[in-house]
Structures are given as C-alpha cells and as structure tokens.
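In the two assemblies presented below, chain A is common to both, partnered first by chain B and then by chain C.
And now, the complex of A and B:
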C-alpha cells in the first residue's frame, strides 16, 4: 500500500511537471508579447524596463527554471493585466465563490442523486424508476449552459423568485447551484441505481430478509452502505464537470469566481494568469483522482490497489 | 387443471421418431450476436426513439441549409432580429409577431416611444398590454408590452425566416443546421479517433503485454491526468480558436478511455484457446490482433464510442459558448446559444431553437448508447 501511494504521487508529479513544461513552452511559442497593445506608445527603454520587470529579457531556459523553481515555492508569477497582482494572490481571492458553488452543487447534487438512484432501484420497473431514468438522461444530456438559461429565464425572469445574476448573498447562489448540480445529480442517480440493483440481488440481503430484518433497515444499513462504495469513482468525472461548469455558469450569472477570471485572462493573453490557473486546475483534478483511487482501496478492502485494476 | 386434462385427448399426441442424427439438430433458427442485439435494441422504445430523432437531425443538418435561399453568413441589415414566421403555421405562434416591453409616462406615451424607438409604423401595432403600473421604483413610468407585426413593418412581407434572424439579419434556420453539421462533424471525429487510435493503442498494449504494456500504460496515465480543458486551452493559445484546435485537443486526449477498455478486454481474451489455435495455424501477431481479438471486442468498442460522441459534441458547444471554440461568422450550436444569451429576454426564439436541437442531439445519442449497451453487452442484460 505504502509503495503504491508513493508510486501514484510520483506519477502525479511527473504529470504536473509535463503540464507545466508544455504550458510554459507553448506560451513562449506565441507570436507577440503581452505588451502588444501598448508597444507603439512606448520607447525602447521603457519596453526594456517592462520586459526586465517581468523577467522576459532573460534567455528562455533561465525563464523556464525560474518558473519551475517559483512554482515549487507556490509562486506563479505576476499577472500582466490585473493590476500587477501576484497570480497566486489572484487565484486565492477568486477561488471563494467558485469553491462555494462547486461544493454546494456537489454535496446537494450527489445526495439527491443517491436517493433518486436508490428509489429507482427499490421500485425497479415502476413509474419511480422511469421518472428517475428520465431525469438522469436529461441531466446528463442537457448542457449546463442551456439549463442555466432556462432557470434564469423562468425562475429569475418570469417568476422573479431569485436574483438573475451577481454575487451578493446566499439567495444569489441558488440558481447557479441548481444549474451546476444537475450533472452530479444525474450521474449519481445512474450509478447508484445500477449498484443498488446489484446489491439487492445479493445473498446477504436475502439472508437479512430471512432473518426478519425490517425493510428500511435492510435498505439503509445493508444495501445503501455497500452500494455507495463504487459511487466514489464518479467523483473524478464530477470534479471535471464542476470545473468546466463553473466556467460557463460564472459567466452566465456574472459571478466573480475563478472560472470567469480564467476566461477573461485567455481573452487578454495574460500568460502568467493562464499558466497559473491551468496549473491550479490540473493540481485539483489530479489530486481528486488520486484521493478517489486511494479512498476506494481503503473503504473496500476487497480491492487490492496494488493489483492491476484495469 | 382437472378441466384442462379432459379437453385434451390422447390421440392428439404423436411420438416423434428420434433418429441419432436429429438429436443434435437445432430446432430454432440460428441467431447471430448482431441479430440478437438488434432484436433486443428494437424492443427498447427509448433507444429506437433516440435513433429516429438522430436520423431526423442528421437529415435536417444535411438538407436544412439548402431548403431556403439564405446563406449562413449572409447578413441583411434590413432584416435584423426578426422572429420566426412560417406560412401555414401561424397558429403555432410562428407568425412573425414581435413583443417588446416599453416604458412611458402614460400607456400611450410608452407605445409612442416604442414605435419611434423600434422604427415601426403605428398601423402594424397588433396589441398592447400594461404589465406594470407606475410606482416609485420605476420613476412613475408605465411598462407596456406591445406586439407588432414586424415583417410588413420592415417591408419584408414577402420573406419568411423559419427560425427568425439574428442581430445581423442572418437566417437562423440555415445557421442552426450549419451549426448542427459542426456538432455532427465533431461527434464523428471523436468516434473515429476512438476507433482508430484508441482501439489500436489498447490492442497493442494489451496483446504484447510486459514492458511495452507497462510503458504504454504510463503514457496513458499521464495523459488522463491532464484535464481536457487544459489541452484545448493550450491548443487554442498556440493556434487560433477554431475547429482545428478542437480537433487537435480531441486527438491528444480523446482516445485514452477506449484504449483502457480495449486493453482490458484483450488481456482477458489473449490466453484463450482460439488465439492459441490461430497461432498454431501460423497467424502472425497483426492478424491475430485484427482478425481474432478486436472483432471479439466490437460490442464494447461500439458502446464506448456511442458514449464518446455526445461528450465530444458537448465539449465543442461548451468551448464555443465561452468563446474559445469556433468564431463568428461560423455558426456552431454553442456560438448560437452564446450570442442568443445577450438578448434572450426580448428575442427568446434565438435561444430556444439551438437549445432544443443540441438537447435533442445529446438526449438522442445518450439513450441510443444506453440501449446499445443493454443490447450488446450480455453482462448488462437484465
């Protein structure tokens, strides 16, 4: 187990290193500089001062090593566009709304999804099952930005139940959370239904029934617990969907989060910000995958993580 | 039971003459794997509905753009922001009537403001309705919803834009079906990448095993660690945003899931007798892999491809929506929805049609994929 964890962490670092290197050199390949828009107004000396201020006058290998060394120390450079603030600082100041939205959507979405999936499995082939199936197909299929548009149009526009946009208190989180949680809900419901049906057909459930354990105890104590274990594996795709989801949802609801900032930094060629956020997303994603894999092995001892899982 | 016994007399039965060679004969027609799958798929109403919806969308994507005389990038400033109008379908609301909310000190003044503001002659005003009485909050103005017959008002009595026009006066019908073509191209591309790169990579990795497998799996491990979004953003930064960048991003990352599945299956199959038999008969590795192993995994490959297609379609729409995908004047469902967002309160039709089509496309592929999984994967049989 210990060896496996170390090995996984090593791969994680290699992956991050490759992403960082690729990001850095691709940025350097780009034509033009971040100061293109002001270049004509500046004298050569001013330009040289600017370049040395951002360390852009040094040879590329030196810049590269400085970048990697800085990153190890948690320093991702200085943003070109956002008032020369440090990228790390910008990310931490913007992460709040995104994290709150992501967490709300993930927690509420998965809990509802798990219960929907359970209900579908218990009432297999009944209207409950069909409705749950329909909901999960819709949830997986309809893009979050379409769903967000519908919510904004009806719940905020026509019915005025919630604010249309902006970020100014708990009621402002309702619509974005709803729009974001439909995917976790659907995917959890789907997975839970399959797992639950398998568990319900197993011998120990039969034994519990034979012993005379009452139905709700069977469902919650025996079936649900075991069915929940594999559901952890959907955490990976879920994080990705939440990450990409926040990009669009924050744009639609005008929320000052990381996703919104990322999109605007791409549109303004703010390289350090793009590189920094890219690294941040990659670290988040890779850590989640790692945690999921390790948790899975810890929770379910039948799965020997060291054995070839594929 | 007792009653039934009486009705059936003994002479209705005849002993079959059993000969040695007939004992082995199959009494039912032989059903191949594919026929069996098709029978099961046909029984699945959802999957068949999905298939029909998809066939319809594909047909419309091919035929739709040539059904009227407008080009997808032809702007016409005489005909901007026109609501849909279809001759014969006026009763469905496709009547070319446009509603606006206008404000004024009196209801009449509000309408007057609206007519001058939108440059519409009074004779085309169809109806008006007060939606908000004056209050302190809205500066004591009335808010009136006025509906006008916009086509004749703009002197376009002869024209019919079936899905309306956008803010540049481009025909949305043509643009939407062109955009659907892009989505289908992306789906097809993702499927192709999955089936070529994914299958071959997974097959080779699983078949040869050992160090080759180990090395190839480490590459996959690193690739899957990189979020798709990151790859696409890097591709977009170097190239310009557009179909090429998305294609490259899909090519780099799209096939890893398939490769893992094929590898797992090949690992399971490669030690079975039929492979040994083929090898004994002198087949080389390529032949064993392509003719014996891969065909046995076809079911899995199809299922996985079918799930890849909708996620690729979503990915493109998502990128185009946040402005990293295709760029105007090229129409994709994502860009259409994105530009409709600016004004969907006033012109909801701009958002509704592309949103419906992308949703139908996604639902169609997802339920068809579900149905195919149930039909092709015997382990999933209920």
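And now, the complex of A and C:
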C-alpha cells in the first residue's frame, strides 16, 4: 500500500512537470505583454527596464528553465499585477473562500445526491423517481451561473433571505453553495439510481432477502456500498467541473477566492500568477484522483491495490 | 411421514407490458419431513418461480399469487405479510442459490454474511454468532475456517463459495431447504462434492429439501421423490423409482430420452420437438399436446386431470384414461431409462 502511494506520487510529479511545461509555452503564445495597460505611457527605455526587471527580456527557453528551477525550490515568482506580492502568498491568502465553497458544494451536493438516487431506485417508477429524474436533468443541463442568477433574484432579492453577494460570514456562503452543489447533486443522483437498480436486482440482494434481512438493512448494509463504487468514479471529474464552476460563481457573488484572481490574472497576462494557479489546480486535481483511487479500495475489497502483501 | 409443507393449487402470474404471464398455473404437492423432493423441467417451466413463491420472494408488484395456499406449520405463507415472512425466511425456510459467483455480497466479509441471520433470528451475541459461523464453515468442509471467515468472497473459488452459500442457508437449522439448481454453475467434480455435502447435511439436520434441477442424473442421485413440471404445471409426480422405471407422461419420456449417457451409441441427441408454449396465452387442453407424438384429440380440447397410477405416483395425461389406447414409451427412451438408472445406481454404489 505504502509502496503504491509512493509510486503514484512519483507519477504525479512527472504529470505536474508536463503540465508546467505545456502551460508555460502556451501562455507565452498569448498575444500582448503584462504591461499592455501602461505601455502607452512608458518610453521604450522604461519598458526595457521593466522587462529586464522581471526577466522577460531573456530568451523564452532561459525563462522556462529559470522558472522550473524556481518552482522546484517552491518559489513561484512575483505577481506583476498584485503589488509585486509573491504568488505563493497570493494563492494561500485567497484559497480559504474557494476551498470552503468547493468543499461545501461537493460534500453537501454529493451526499444529498446519493440519497436522492437511492430513494429514486427504491421507489422506481413512482413520483419520487420522476421528481429525482427531473431534478437531475435540470442540474446536469443548466449551468451553475444560471442558478446563481435565479437564486440571487428570488432568495436574495425578492425574499431577502440571504445576502446577494460578498463573503462575510456563514450566511454569505449559502447561495453560492446552493448554486454550485446542484451539479454534483444531479450527477450523484443519476449514477446512484442506476447503480442501485442494478445492485437491487442482483443475486446477493436476493440472498440477503432469503436470510430474512429487513428492507432498511438491505438498502444500507448490502446495497449502498456496492452501488457507491461507480459513483466514486465520477467524483474525480466532478471535482474538476466544480473547480471551473467556482471560477464563475466567485465572479458572480464577488467572492475573494482563487478563481476570481485567476481570471483577472489571465486578462492581464500576469504570467507567474497564471502558472502558479494552474499548478495549484493541477496538484489539487491529481490529488483528488489519487484519493478516489484509494477510496475504491476502502469501499470494494476486490480492488485493494497491489504492491503490499496481497 | 409427516407433511411439513402443503402446496394447494398455487398460481403465480407476472404482469408485463405484453400482458399477464402465467408462470405457475395451479400446482399441488406435499413435502414430507426429511425427504428430498426434486422438481425437474426445462427452462421456463416454473420451477424457480415456485421456490420463490415458497420463500415469499416473488418480486412485487409485477408478480402476484392470485390463488392458492402454501401451508407451513398451520400458516399460509402465500398470504403472509412481508414483515412476518422475514421471520420465517432464513430461519425455517432457507434457500441455496444457483450461481455462487454472484450470490455473495462482494463487499462484505464472509463472516458478516453468515452471522447476519444468526444475530437476527437467534438473537445471538456477535461473538457467539462468530463461533457458530466457524462451526458452519467446518460443517460445509471449508479448511482452516478461522482464517477463511475473515476473508471476502472473491478470495474463494466457485465450489468454496457455494459451500459458503450453503453454510448461510444452514445457519439457523432450517426445516426446509430450497436448492435452486445449486450445482448447475459448478464444474462436474465440484458438483459431486456439493451433492455429497447436501446429502450429508440432510442426514445430520433432518431438513426437508426441495431440489430444483434439470439434470436427471442429479435427481437419480439425491431425490426421494420427483415432480416433473411443464408450462407451469406438475405433469407427473412420484418416487424416484416411479419416475425412472415407470414414467407415464410423454413429457417425462421426452426428458428421459433427451438425456445423453456415456453408453449411448447414437450420434444425434434426442430432443423434444418444438418449444414450450407461450404462458401469456396458454393453449387450451394439454399444454404439451403440440409437442406430443402421442397426442389425441381430447388433448387439444380438455386439460387432463391428475390420474392416479399408484399411491405415490400421479400423472396428468389422457393416456392414463381407461378409454385411451395402450401406449408404450418409445424404444430409445426405454433404452436411455435403463442407462440412466444403471448410472444412478452406480453413483449410489460409490458413496457406500
């Protein structure tokens, strides 16, 4: 097990290196420079000083190797845009709201989704099932920013139940969480229903019934765990779409999170900031995949990873 | 012998989009204490549905029992609520399933799966239940039960899993054991071991067994009595000797005739011509008439009643009516009957 995790971490490092390289060169292909907005006010000389100050006058390969060398030492450079603060500092100071929002949406959404899916499977072809189906189709097909707008209009505007925007305490997290959690809820409900239906039709459920096990024990002890395995599979990609979702949601609700900062850094060609945030998201994503893979083993003994004594 | 189970005019139907399928169309039989009753018949004849009805496991709301009684200890299981049935399932009546590869929960330790019934029905503490579970694994012949009990189903071979399934069924010393083709999914050497195990267990626990199979070789080996099912009805019922030496129903002849034996010289396998009738619209008269070379005019008009052949032997064919012509089973069937019974007695000789 330990050996397996180490091996996976080694692969992760390789993946991160490839991502860093690709992002670096793609970013350099973008037109414009970080100093576009002030370019007209500066003389050529001043511009040259500025460029050399940030090492942007060197050939791109040299810049690349310098950047990678810095990154290995944990130095992600200095932001051009945010008052010359260090990128690592900027990321850590902005991560709180994003992480809280993402985690709330993911955890609440998928737990509710799992139970909605179970209920739909248990009462299939009834109104419970049809309602669940309707909710999941809506949740999958309508993007989260539409919900964000609707929630702001009705719950914040018309009913004044929650604040419309900003990030200033628990009540401020309600609307963005709601807007963001509909997607994981819908996906989980859909998968859980399909899997539960299949599991409930299986021989081992019939055997459990034949033992005289009552219905709730059949659902929660016998069926749920088996149905969860494929649902865990979609959690990885779901986390990614949640991350991209937060970018937009943070803009709409004016949340001082990473996403908001990321978008503005792309707009202004803030190279170190783009690189830093991309690397951060990549690490997050790769770690989620690793966690999902490890979770499989916890839930399904058949997929316990090799490398140990098995 | 005491009757432990009486099935009277049991009918089971399933509602489908195309209409109602009459899977079991009025069957009657008794099960005596300590005996093994084999139910044989081809796929779709209603064997498995019958056992599901006995377990109260007909999937609702599609499946229904429109009429009939299943009397067990003075109570009618067919009309029992699921909640009451949960107390009987696994304790008084338990079931061995067909495919051991799929009938164990893959994410649950073998231990938990065996202990579950014990804790529920016999209110055992979990340490007591674990002791009993180890005993059960020993009883069904799993070596090193103390280690094996902590493992998951995927760590067992097919034959070993079927032993676990049997251990689960036996956990609470059931009075009736329903075995739905317990050896069909196993390879032949393992089949013999499992059959031996079941006979052995029956000797020890004196449970009554209903053994569903389409393998007549197995029937000859394990059963005391045999019921032959066709199109949702029992067409012939009798002791093993009645069915193998003196079969009366042309369908039984067909079944016996279509069984290949090691000694058979013919290149071609004998098969019953045609296919079973559509149970959504069962034919008028004898359901087997269309495939029966000995069918008479009355077979297409009226359903034959159960004719008594002897005290233990009944068959539903008009050929037994006093006005019917004398018909002997075809030569090839007679020859095969001899082969099967010879092999059957060989197998019986082996165990002693």
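Everything below uses one rule, namely that the second predicted complex is superposed on the first by the 256 of 310 C-alpha atoms of A that agree within 3 Å, B and C clash if a C-alpha of one lies under 4 Å from a C-alpha of the other, contacts with A are read in each partner's own complex, and residues count from 1 in each chain.
In this text, a residue touches a chain if its C-beta (ideal position, glycine included) is under 8 Å from a C-beta of that chain, and two chains touch if they have at least 3 such contacts.
The structure displayed is predicted, hence computed values, not measured ones.
Chemist: With the two complexes superposed on chain A, say which partner A:209 touches: chain B (first), chain C (second), both, or neither.
Modeler: A:209 sits against chain C, while chain B stays out of touch.
Chemist: What is the contact status of A:157 with respect to chain B (first) and chain C (second): first, second, both, or neither?
Modeler: first
Chemist: Per the contact definition in the header, classify A:225: touching chain B only (first), chain C only (second), both, or neither.
Modeler: Only chain C; A:225 stays clear of chain B.
Chemist: Per the overlay, which chain contacts more chain A residues, chain B or chain C?
Modeler: So, of the two partners, B touches more residues of chain A.
Chemist: Which partner does A:278 contact after superposing on A: first (chain B), second (chain C), both, neither?
Modeler: A:278: touches chain B, not chain C.
Chemist: Can A:19 be said to touch chain B (first), chain C (second), both, or neither?
Modeler: The answer is first: A:19 touches chain B but not chain C.
Chemist: Going by the contact rule set out at the top, does A:149 touch chain B (first), chain C (second), both, or neither?
Modeler: Touch partner of A:149: chain B, not chain C.
Chemist: Is A:65 touching the first partner chain B, the second partner chain C, both, or neither of them?
Modeler: neither
Chemist: Sort out for me which residues of chain C touch chain A in the complex.
Modeler: Against chain A, the touching part of chain C is residues 55, 57, 83, 86-91, 94-95, 97-99, 102-108, 116-117, 120-121, 152, 154, 165, 168-169, 171.
Chemist: Could you please specify the touching residues of chain B with respect to chain A in the complex?
Modeler: Going by the criterion above, the answer is residues 217-218, 221-222, 224-230, 233-234, 236-238, 260, 263-264, 267, 310, 314, 317-318, 321-324, 337, 341, 344-345, 348, 351, 355, 358-359, 362-363, 365-367, 370.
Chemist: Looking at the complex, which residues from chain A come into contact with chain B?
Modeler: That would be residues 11-12, 14-16, 18-19, 22-23, 26-27, 29-30, 137-138, 140-143, 145-146, 149-150, 153, 157, 240, 243-244, 247-248, 251-252, 263, 266-267, 274, 278, 281-282, 285-286, 289, 310 of chain A.
Chemist: Could you pull out which chain A residues touch chain C in their complex?
Modeler: 202-204, 206-214, 221-222, 225-226, 299-302
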